[in-house]
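Both complexes below contain chain A, partnered by chain B and then by chain C.
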Partner chain A sequence: MRHRTRIEVGPVQFRIGSDWAAPIAALDRLYAGYPRDRDRPADATVRLFAARPWRRWLRPSVHIGGDYIVPDALPLPLSMGLLAAEMGMNLQVALGWRRHLLFHASAVAKDGRAVIVSGESGSGKSTLAALLGEGGWRLMGDEFTLVDPGSGDALAFPRAVSLKNEAIAEVAARVGPERLGPLLAGTPKGDIRHLIPRADAIAAMHEPVRPALLLFPRFGGAPAIERLGEGEAFVRLTEASTNYVTLGEAGFAALSRFVRETPAFTISYPDSARGMAIVEQLWAEAVR
Partner chain B sequence: MADPFYRAAEEGALRVEPLGDLTAIFDRRSMQTHLVTQPMPEILAALAAGPCDAATLAARLADRFDLDGEGDAAAILSERLDELAAMGLVERA
Partner chain C sequence: MSAVETLVDLLAGRRPAADLAPREWDGVIGVARAEVLLGTLAHRVEDGEVPGPVAWLFADCRAAAAVATKQALWEAEMARRALAPHGVEFVLLKGTAYAAAGLACAAGRQIGDLDILVPWHDLGRAENALLVAGWEWVKEDAYDDAYYRRHMHELPPLIHKARDRMIDVHHTILPRTHRVTPDALALVSDAVRTAGGFAVLCPTDMACHCAAHLIADGDLQGGLRNLWDFHALTGEFAALDRGFWGKLDERAEMHGLERAVHRAARLARDLYGTRLPSGWNSHPPGDGRYQRRLLARDDWGRATDPLLQQAFYIRSHWLRMPPTMLARHLWTKWRKG
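And now, the complex of A and B:
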């Protein structure tokens, strides 16, 4: 393709090609501080392409392709090329990754131990991780967390954090503008702005971390904490994993071990401050 | 008609991991994961001693469980065996 770049996020080496310069330039800015190893073969390929050659200029719309495609995904206007790239990267990892058990979960770490936060879009997992990552925690990722089937360790996937709607102002108040991408207003997922993780989080992205705590957050409602049994945590994580079935017995063994060794809780919180306080409280109890 | 006999999966076919109140069972033949509660894991373990019908199974389990006062234990176990057979975890002998 005309424009291309390489991005390394945790263990995944992406090759990204585009019919347009703008999405690649935006990615190169967001990922400027990430390690580059152009000699390493790519694990996943993302292609942003025009449906017809003339559509590169006339009302350009971005189709997402790569090793895996979702046939009925709508094309996005070129102004949302960065979102298209992010969706393409997520898709390749969610559908293609086999080396680790993959959870839809954010994660932060401190003192070599990880808090893994699993939840659907809107549960607040991304915002919680982003805010903790600006405090005393190392941000491991806002969307995917990988678990090594051999060691049981958690591995980071610290892509640029996808801040949505109210979370944008909340985080923008804490970081300099050089840490933020352009505002993508009115996307199918609402307003989106990317946060570049702190340099120390990017530098440590290959360091495995022992899981210490598993949380299932719910944003809204009075603060509440409820302990989850191993079996229920197992069920919830099979639902939160994109590749559990594909990994077969290796996934089964890794997940059984994970829920046995990692205390799990559901938490409810009315605002980010209280959410972070609950994480700190449970963390202190878990690592005591 | 005589009560049906059931036999356990061949050795090594299932990987069983107790997880608190639930037990996760991975079937290596189908690659499927099953989550079951009591008394399913106990039935599978008791059946490993050899194929049997529900009445014999009730006798085997009586040592470990208080089956009296639970109604007809053999009838209950017969239903559970049917469910395990539907999941492919045991077979009719």
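And now, the complex of A and C:
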């Protein structure tokens, strides 16, 4: 394709092609600090393309393609090309990655132990991870957490964090503008702005971490903590995993081991400060 | 050299994997994914010959294919448990059959739906038994449903409500309205048993079905994979039985599939290096178009040559039904939008 780039996030090497220069330039800026091995073959291909040649210029709209596609997915306007690229990358990982058990979850780590935060969008998992990552924690990722079936370790997927709506101002108040992408206003998912993870989080992205804690957050309501049984954690994680079924027996073994070894809690919190305090408190109890 | 040609050379064993520059793998992997041949490629090349990241990816593919094969065979077993109490016997077709028979082409091969063949007179009972056992209709559309029942070689697709897996129940291997009508009774009566107790088509019929599926039915979409099946099947059968090609010739003629089988054999020879006996080794100019269609993919895995694709699409419909029926069908489909 005419415009192209390569991005390495955690264990995945992407090649991304585009009919337009703008999305590639935006990606290159966001991912400038990531490791680059020009000779490494790509694991996954993402294509951003115009459905008809004239739609490159005339009301340009970006279709998302690649190794895996979602049939009938609606295109995005070119101004949201960066979001299209992000969705394309997520899609390839969600549908194509087989090396690890994949959870739709954010994660942060400290002292070689990980807190994994799984929830629907709107649960606050991205915001919590982003804010913790600006404190004493290493951000492992805001979207996917990978678990190695052999060792049981968690692996990072620290793509640029997708901040949404109120979270944008909350995080922007703590980081310099050079760490933020352009504001994408009025996308189908609301306002979006990307946060570039801290350099130390990117540098450590290949280091595996022992899972210490599994949290299912709920944003809103009074602060509350509830211990979850292994069975319920298991069922919730099968729903949060995009490849549990396709991994077959290996997926079952990895997930069983994960819920047996990792204490799980649901937490409710009215604001980010109290959410972070709950995480710190549970962390202190879990690693004691 | 384009990525799709490199892929074909790697599969054929014409080019050592160690010869590729690291970045050449981008296109090869992309094209192999698009043609659903990545698992097959992962079994064809040695890990030591490829860059580390490719070796890891190929290991993933082999593991994923092994799980998928297990799941596909389990699905066959589920169908057996649903149909056996009603006295309905079936023959496994395509990917599941190759896996059940332990054939070489099953290594790394992706298996989509469960395809089974039942005798025409058992079709109604098979349908009822599957519905009782938890399979459900996918297509709610009355026209599509009637179309399948009246004109196709299979029931409308069914999906199991708990396992979310699709089953295609065939009563023959080409649409009823197709210009060629293979002998469905012979397909069933000459089927053979695998060690695991499943029935599969006999070797010559398996090759005939593979060629029919590739050449006589459909628009050659995903044709490289079907052609690889044909190459691997015939190579394996010919190694076990020196008279295989002669028997295939006779069997193909009986089914009316001699042109499709010979075409598939020549294409397999030209792309994958299949060794054919002397009587099969012609070079008709028409094969070039088929070869171009099979290789119509760019280094980003995108389909190319839309006009040629369109031509093969129209051809597939032209073969499937008489002109007046085709006109009626297209008119109905167009009105429904």
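Assume the second predicted complex is superposed on the first by the 288 of 288 C-alpha atoms of A that agree within 3 Å, B and C clash if a C-alpha of one lies under 4 Å from a C-alpha of the other, contacts with A are read in each partner's own complex, and residues count from 1 in each chain.
Just so it is clear, a contact is a pair of C-beta atoms (placed from the backbone, for glycine too) under 8 Å apart; a residue touches a chain by one contact, two chains touch by 3 or more.
Keep in mind that what you see is a predicted model, and the values were worked out from it rather than measured.
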* In the superposed arrangement, does A:238 touch chain B (first), chain C (second), both or neither? -> first
* Which holds for A:272: it touches chain B only (first), chain C only (second), both, or neither? -> neither
* To do: Pick one for A:249: touches chain B only (first), chain C only (second), both, or neither.
  => both
* Please indicate which partner A:259 is in contact with in the superposed arrangement: first for chain B, second for chain C, both, or neither. => first
* To do: May I ask you to decide whether A:162 touches chain B, chain C, both, or neither, giving the answer as first, second, both or neither?
  => neither
* chain B or chain C, by number of chain A residues touched -> C
* Tell me which partner A:230 touches in the superposition: chain B (first), chain C (second), both or neither. => first
* Quick one: classify A:43 as touching chain B (first), chain C (second), both or neither. => second
* Can you list the residues of chain A that touch chain B in one structure and chain C in the other? -> 248-249
* Using the touch definition up top, name the residues of chain A that touch chain B in the complex. => 229-232, 234-235, 238, 245, 248-249, 252-253, 256, 259-260
* Structure fact -> Residue set of chain B touching chain A in the complex reads 15, 17, 19-24, 26, 28, 31, 33, 35
* **Residue ranges of chain A touching chain C (in the complex, touch as defined)** => 1, 13, 15, 17, 38-43, 45, 47, 65-67, 98-99, 246-250
* Structure fact -> Contacts from chain C onto chain A in the complex sit at residues 22-23, 25-26, 29-30, 33-34, 51, 53-54, 56-57, 60-61, 63-64, 67-68, 70-71, 300-302
